[in-house]
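Both complexes below contain chain A, partnered by chain B and then by chain C.
Our next item is the complex of A and B:
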């Protein structure tokens, strides 16, 4: 009797030890990943509050002797030329990204709905054509698109960027939203139609509200994509006052190659809007991936 | 067929805007690139003076030494970044699957690099790798592992691995999000049943969790592979392909041929070769996705 109890107790202890082994392994791994992820960002922040002189020392000052916000003040001061440029780039990025986001949602919602609900000839072909856009890099579209934009008079306008960015966002947007619509029961719409709603009304009043998380996820994705885009902005725009942040910052710091605190402060400010947006809305994004991308 | 199309004419209205944008921005450029790859073009974008040269551009590419160097770099870059990002992302997703104090915060921090612009990431890491004032060099010297700070991105042998580290930093969160989403679909009952049957943690993972995730894994790996194959910003900003082509990958090389040396014909031929490779990958991508759909319909 006692031996049985003892063996089972020993078995339990053994099992707990093994599970603990996995759990500890996981914890150590997570600490490692946290350091890998966070240390570069921390170093960016620490450098951004150093003076130019303090940044250029060996061995480096792990924490600046005299922390200063001078780099941020310079970037945000509309009175000096650096601040003027930075604020203008910031505004350009915001404007282009917002326009792209609104248009992506307007185009992607009906398309995804059609791909989910209707069976028209060529549906699969069109759907995969849309998805295949994901496969192609920006660079191979550059020359023809540049010539195309020149032909329709959009070179050096923000319109050229919005039109191009639309196509990045669309494939994933349509894919995510289609998964969402697939999971909304058709019966809900049918009930509405029996009650006298048209197909369009059923779509606006029943389906749209249910797919709000998907639409928010789509919007975040388009916004972040447009905000961070570099190659097209680098190629299509040449006038200084039109540049978006990634190109503007690059152009600015190719002239001031040693102002690392300024560069780190600018990198930080450029990251703030998208990181905040993402952190606030991330649950929608993860949910959209669960319901959209990952089928049950 | 035509009657069927006519019957569904209203349905097309929903997809028309998407298709129209795609046609202008994708179909036309593809046609144009294929066309241009058979021409010799003068510098500048005055393309009226181009002359037809047949497959000359293609033979020029395939016989050049740079092509094989760049292809090898691209292979290391793509496979290295994809495999390591996926493994790290998957492991992080598993470690984050169980609830513990601070999980949400930790998850959010791990995702941030993916959201940050690649331009910002490139500058952050360029500063970290800096050959005189870089923090990694300082740590190595401080620990006595090196006499002087190493030249991470100015040396032919270390530049590519150094850039891959940056790329993984930005990309593993994507694999993590995808696999976290996938893990939520693994039925708890199955895991519990396996536990009752005496399966240990590794066996439960290998025989229950992993098979359930095979589809989302395939899609994640393909998306990562395509994104890595198509990367541009990190090598372009951090090294510009140097030193002596050691960090040139296909896309940066094409960009330099076209916009740097203005050899539009050769660059287009490169792009066509790229199409062919990507279409092959695309075939598997579509197959993985439609496999998903088919299983749905069967269920």
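Our next item is the complex of A and C:
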């Protein structure tokens, strides 16, 4: 009797240990991932408050002896040429990203709704051609798109970037939103139409509010994609006053001797809008990506 | 309130005919149930009346207006959906107010009507809640309220009770019936549950395969089913249908079984069966119209008990007869064992005869 109890107890202990092993493995992995993502950012932040000389020292100063915000002051000062350029690049990036985001939502919302609710000739074909672009790496389209942009006279305009970012961002945006609309019962619209709404009103008043998380996720996705994009911005734009941040930072700081604190300060400020956007809206983003995974 | 007329209503999807020349009239203040198995076209018919899908041909009249091409919002109808279709982001109050806001009523009037509807349906304390915070029965009541608040010409209901548990369903059934009596509302009610149709409706339209099979009061449909489909669909347990053959000899018409026995008929039934002499005739009998005997009786047919199901009030005996399963209800104090020899006596007054080929009820010549 006691032997049986003992064996079973030992069995339980054994099982608990194995589960704990997995759990600890998971924790260690997560800590590793956290360090992997957070350390470069921490180093970026620390370097940005060093003086130019301290940044080049070896062995490095883990914490600057004389922390200074001079790099930030320089970048944000519209009086000096560095600040002028940085603020202009920042504004350009904001403008291109915002335009891309707004247009992407304006196009993706009705497109996704149409794919979800209507049957029309070529519906499936169109839906998969929307995804076709995603089968190829973006760089493949660099030269053809450049030739195309030159042909329609859009080289050296922000419009060329907005158009390009739209073609890259829209497919996923439409897929994401279609999943959302598929999950909204069609009876809600029917009820609204019987209650006195037109089809359009039913969409605006009932369906749109319910798909807000999806729309927000789509917007974040488009914004971040456009904000961070480098290679197309580098190819399509050559005039200094038009550059976006990713290109501008690189050009501006490596021409003479590299000002690492300045570069890091600029990089940090470039990541601020994305991080803020993500922190504020992340719950919508997660909801959008997991929506439809489980049936309610 | 208004009447509804369907004239030769047709809806096709490609080559598939979902609704096939359905014509019926729902009188002002009448409660009509569209009933049939799934895929019979009843919900499609309701959606056609609502204007949610376009008709292929025919006419729909609500009140005195042909509404074929009108938007749902212009048809002066209200609809209760199977999943209630409450707006999840709106409170109960705003759900009830929505149809009135869409009609641009003044705020004070909206408030008055919403509170009145809430009072009638006894849910004043729920007005500030969101739909997901309500039980199934409460959601159902809000859906009814949203239909009621606008005082529409016609109420359309699409299986409003099928998402509720059995007990609540019985309770809401009587509430909807009461709702109809109090409002004298014109109601078109879709259900797959023949019991709901029989208990609630003034008239029931039995549909199958896109065709209207029979349109009459529940009592009439029950007592005089137009064909074998209606006979087997309405009533529970289903009417037993026994395939036989009509044969006339010496001016006397009897029903012959392939098993060798034959069943004599009353004068009226003989006249019906004569019309199908030499052909297949299907005898229909409900469980309560068949008498079970434990010994041979003149006029009774020998059969073997197959299964016995006591339910407390009555015991259902299933017997094999001429290749068909026959349901008989007997008093629980009659003990029948499976495989026991029994004799069945059919009530001539309440038996049904159907043409074996057309499946239509046979009428006396």
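Basically, the second predicted complex is superposed on the first by the 270 of 296 C-alpha atoms of A that agree within 3 Å, B and C clash if a C-alpha of one lies under 4 Å from a C-alpha of the other, contacts with A are read in each partner's own complex, and residues count from 1 in each chain.
Throughout what follows, a residue touches a chain if its C-beta (ideal position, glycine included) is under 8 Å from a C-beta of that chain, and two chains touch if they have at least 3 such contacts.
Just so you know, these numbers come straight off a predicted model, no measurement behind them.
J.: Overlaying the two complexes on chain A, which is it for chain B and chain C: clash or fit?
T.: On the shared chain A, the partners fit.
J.: Let me test your reading of the model: by the given contact rule, A:195 touches which partner, first (chain B), second (chain C), both or neither?
T.: A:195: touches chain C, not chain B.
J.: Output check: A:282 vs chain B and chain C. Expected answer is one of first, second, both, neither. What do you get?
T.: Only chain B; A:282 stays clear of chain C.
J.: Comparing chain C with chain B, which touches more residues belonging to chain A?
T.: Touched residues of chain A are more numerous for B.
J.: In the overlay, answer first, second, both or neither for which of chain B and chain C A:185 touches.
T.: After superposition on chain A, A:185 lies in contact with chain C alone.
J.: So, does A:210 touch the first partner chain B, the second partner chain C, both, or neither?
T.: The answer is second: A:210 touches chain C but not chain B.
J.: What is the contact status of A:222 with respect to chain B (first) and chain C (second): first, second, both, or neither?
T.: neither
J.: In the superposition described above, what is the shortest C-alpha distance between chain B and chain C in Å? Please give a whole number.
T.: Superposition on chain A places chain B and chain C at a least C-alpha distance of 9 Å.
J.: In the complex, go through chain B and note every residue touching chain A.
T.: Per the touch definition, chain B meets chain A at residues 1, 4-5, 8, 11-15, 17-19, 21-22, 24-26, 28-29, 32-33, 36, 45, 47, 88, 91-92, 94-96, 98, 106, 108-113, 115-120, 123-125, 127-128, 130, 132-133, 135, 138, 141-142, 149, 169, 172, 177-178, 180-182, 184-185, 200-201, 215-216, 219, 223, 226, 229-230, 232-233, 237, 251, 254-255, 258-259, 264, 267-268, 271, 274-275, 278-279, 281-282, 285-286, 289-290, 292-293, 295-296.
J.: Which residues of chain C touch chain A in the complex?
T.: Within the complex, chain C touches chain A at residues 50, 52, 71-73, 75, 77-79, 81-83, 85, 87-89, 98-99, 102-103, 146, 150.
J.: Under the touch definition given earlier, write down the residues of chain A that touch chain B in their complex.
T.: Against chain B, the touching part of chain A is residues 18-19, 22-23, 26-27, 29-30, 33-34, 36-38, 40-41, 43-44, 47, 55-60, 106-108, 110-111, 113-115, 118-122, 124, 126, 128-148, 150, 163-164, 166-167, 170, 174, 182, 224, 227-228, 230-231, 235, 245-246, 249-250, 253, 260, 263-264, 267-268, 270-271, 274-275, 278-279, 282, 285-286, 289-290, 293-296.
J.: Per the contact definition, I'd like the list of chain A residues that touch chain C in the complex.
T.: Residue list for chain A touching chain C: 185, 187-188, 190-198, 201, 206, 209-210.
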